[in-house]
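Order of writing sets the labels: A, B, C and D. Residues in every chain begin at 1.
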Amino acid sequence: MINKIANSVHEAVSGIFDGATVMISGFGEAGSPIELIHALVDKGVKDLTVVSNNAGSGHVGLAALIENRQVRKIICSFPRTAISVVFPELYRKGEIELELVPQGTLAERIRSAGAGIPAFYTPTSVNTPLEEGKEKRDFNNRTYVLEHAIYADFALVKCAKADRYGNLVYNKTARNFGPIMCMAAKNTIVQAKEVVEVGDIDPEHVVTPGIFVKKVVEVPNPADESKLVEQERRYPW
Amino acid sequence: MINKIANSVHEAVSGIFDGATVMISGFGEAGSPIELIHALVDKGVKDLTVVSNNAGSGHVGLAALIENRQVRKIICSFPRTAISVVFPELYRKGEIELELVPQGTLAERIRSAGAGIPAFYTPTSVNTPLEEGKEKRDFNNRTYVLEHAIYADFALVKCAKADRYGNLVYNKTARNFGPIMCMAAKNTIVQAKEVVEVGDIDPEHVVTPGIFVKKVVEVPNPADESKLVEQERRYPW
Amino acid sequence: MVAKENITGWSVQEIAEKVANDIFDGAYVNLGIGLPELVAGRIQDGKEVIFHTENGLLGMGKPAEPGKEDPELVNAGKKYVTAIPGAAYFHHADSFAMIRGGHIDICVLGAYQVSEEGDLANWSSGNPDDIPAVGGAMDLVAGVDTIFVITKFFTKSGKPKILKQCTYPLTGKNVVKTIYTDMAIIDVENKKLKVRELAPGVEFDFLQQNTDAKLYM
Amino acid sequence: MVAKENITGWSVQEIAEKVANDIFDGAYVNLGIGLPELVAGRIQDGKEVIFHTENGLLGMGKPAEPGKEDPELVNAGKKYVTAIPGAAYFHHADSFAMIRGGHIDICVLGAYQVSEEGDLANWSSGNPDDIPAVGGAMDLVAGVDTIFVITKFFTKSGKPKILKQCTYPLTGKNVVKTIYTDMAIIDVENKKLKVRELAPGVEFDFLQQNTDAKLYM
């Protein structure tokens, strides 16, 4: 029998190891699997490479993971926000590595890993400083750069509903990087607001088919990251 | 105001010109826009390059378009079926060109065109006769071939429901090539079993967002291709 | 030496059962057209196996009952099928992302020929008069780690399908893991053919005499 | 010569209105963060314009009303928004397929600098102490044919943003189609800056004296 349901966030992240590459869904707080990230903070594994669009806010979620010195390198498109304090400080001190990737290239590199495409060409970043070190090539009289897939050992993803097969649906713009990170990681770990029975999700409406998911844990009342930041909360609390 | 609804299949295909590249959705009869294809037969434009997974059955739909000598070349993965008679005959006589593409490569080349990716690497076809003429390259000790996007002037697609914005949902495995062909063609023309009001399709359930669609025509009772073939019907009738 | 005609070996249902035995609980499996389709019906009770069909369905169920066929619910062989509770539909690029991206655990395919080193030929006879058609076969062998082949040991004209070298155009090189035939189950291990199990009444020497591929016991 | 301080030009809302005038009925439009967001509120009645936000929504509506904010419904600037009837949600790879694939008609962006030839710099000051952050800007200028820039003519410290050459790192080369500023609307035509309209009280010579870029009338 297929049963991907884990009993706790700690059980769900138990396999994550030192030095792993971990994708984390979310666009800012929307879709950020904050409870899974906090379980990872509790676990304390180190030298992680994190792939995520942003670099966290305040002192909770991804920012807490970084502040806890568990992240060696971050691959992201936008590490700068008004309430991002942890990453900038470590970055300026040279204590965390940054690979800055245009957002669409980041998304496509993630999707490519999931789709078995090792590399592709894109026009994004041509004639800018971010083309540096990349192979260039012309197709139909336009210049493109070669970009490589980003593979991950784990993905931490937040969704709205899941079943024991790992079929997922998302909520509004919290979908963002979730579906493609599920595809790209060897082990995808999902926190769902609600776990439903197999058959409750219409096959036409499934966004992430269960084949891309290894573990699901129900987190019925996920924390609201922006409220925690507003309240100046710190994790671990 | 945005209103992509056309009044008839003939109006919908009226812009298709001699020499155009036309994608046609469907996997066998599932998802094949037979009424749009027949409108194209009526229109009589010639020298078309058709991109479609199969090459038609019997003497209706895509087979009728080929039989009417409107297709110069077909790009597809599987032109051979038990009831495919028109294509084999013309192919053996050297009167139609075939570009045979593995099904996954076909899908990815179509999706790439829609996604602004001119070329990508795939392991499919390496060490087979279909690698011939393709550039090869190793990534992480595995060999891949370079594949190029397939762009199209038009796509003819069948779906279940559409609204005047061009938002689409499909029915079961009739979805197949529809969503990616909508993305890849400059002008996507859709026949929908039902046209609904804007807002009737839940934004979470939209499969093809309207941005990929130019025209929608309602065909409430599309013909059942396999029945027509069984009845040995021929188009034009 | 035993004449081929006198050896019956396993029935196709028995071969399918042997394949089903090697499919683990929870596996995501793609079944090719023809003999492979029999495997779905032989999965042991208690195992939950999810079938993928490359035309856009994960969670393919049994064939559709007569009178309940839906022309918009078909499998890769364009046969009318059903979907199980917990199924999902998706488009072709997503479907082949599952295949090419290594997400399908096992694929069961038919074969024209399999070579000593696990090369597979199952898409073209190489006859210039035949209409070439490849479908998803090359994507499957390139993307799925475990490729099982289910086939009769001999062709209809009595020629072996297991050969030192394939003479037909390849679908993929070094891709087959196990060959399930009516005569024997043969694993491809480090580019060598190891006979794992012989059908009742089949001797190793008989097999070896009927193929130019080197077999190991 | 008129002192800069004495020239008011258009208000930001007026500039936004000028941009909105140039957005055609039925256009698919992506709005950058900051000044570009004002454009949504200035679309003329009777025009139906569909706003795309790259974090996965086509059919972005008005900002969320106070008390009705949904942290899972935000725009690219992470502000709480709404969705119109007929909207669609999708994932990031699909969203950037819309951008990179040339499906968005118009993108309105802010700018640090624009060059004579339509180069845009809007993501980095090049200051090594700044945290580099690019977001979707480079994808947008690479993928959308019509790039409108909406910006003040002068920086806060009174320096021109329109220059012969950008000194900041580029977002894209030869990408800007029109620059909408408080002082003038300037089209980039064949790598030349053509002033299309001057704000009330602004003279061509004043603009030319305040930039090393060559302007044409």
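Going forward, a contact is a pair of C-beta atoms (placed from the backbone, for glycine too) under 8 Å apart; a residue touches a chain by one contact, two chains touch by 3 or more.
This one's a predicted model, so the numbers in the text were calculated from it and none came from an experiment.
K.L.:
Steps needed, at minimum, to get from chain A to chain D via touching chains?
P.N.:
Shortest path length, in steps: 1.
K.L.:
Which chain has its C-alpha centroid at the greatest distance from the C-alpha centroid of chain D?
P.N.:
It is C whose centre lies farthest from that of chain D.
K.L.:
Please compute the C-alpha centroid of chain B, do the same for chain C, then give the distance between them in whole Å.
P.N.:
Between these chains, centre-to-centre, one finds 29 Å.
K.L.:
Could you put a whole-Å number on the gap between the CA centroids of chain A and chain C?
P.N.:
37
K.L.:
What is the distance, in whole Å, between the centres of chain C and chain D, each centre taken as the mean of its C-alpha atoms?
P.N.:
One centre to the other, that is 56 Å.
K.L.:
Could you say which residues in chain D touch two or more other chains, in rising order?
P.N.:
57, 83, 89-90, 93, 96, 99-100, 142-143
K.L.:
At which residue positions does chain B touch at least two other chains?
P.N.:
In chain B, 108, 111, 115-117, 122-123, 170-172, 203-204 touch at least two other chains.
K.L.:
Once the touch criterion is applied, which pairs of chains come out as touching?
P.N.:
A-B, A-C, A-D, B-C, B-D
K.L.:
Touching chain D in the complex: which residues of chain A?
P.N.:
27-31, 53, 77-81, 84, 87-88, 91-92, 98, 100-108, 110-111, 122-130, 170-180, 207, 224-226
K.L.:
Which of the residues in chain B end up touching chain A in this complex?
P.N.:
108, 112, 115-123, 139-140, 142, 144, 148, 169-172, 203-205
K.L.:
Under the stated contact criterion, what part of chain D meets chain B in this complex?
P.N.:
Against chain B, the touching part of chain D is residues 25-26, 28, 46, 48, 50, 52, 57-59, 83, 85-90, 93, 96-104, 142-143.
K.L.:
For chain C, which residues are in contact with chain B within the complex?
P.N.:
Within the complex, chain C touches chain B at residues 53-57, 70-75, 78, 83, 89-93, 95-96, 99-100, 124, 129-139, 142-143, 169-173.
K.L.:
Write out the stretch or stretches of chain A touching chain C in their complex.
P.N.:
Per the stated touch rule, the residues are 1-2, 111, 113-117, 163, 165, 167, 183, 198-199, 201, 203-204, 206, 209-212.
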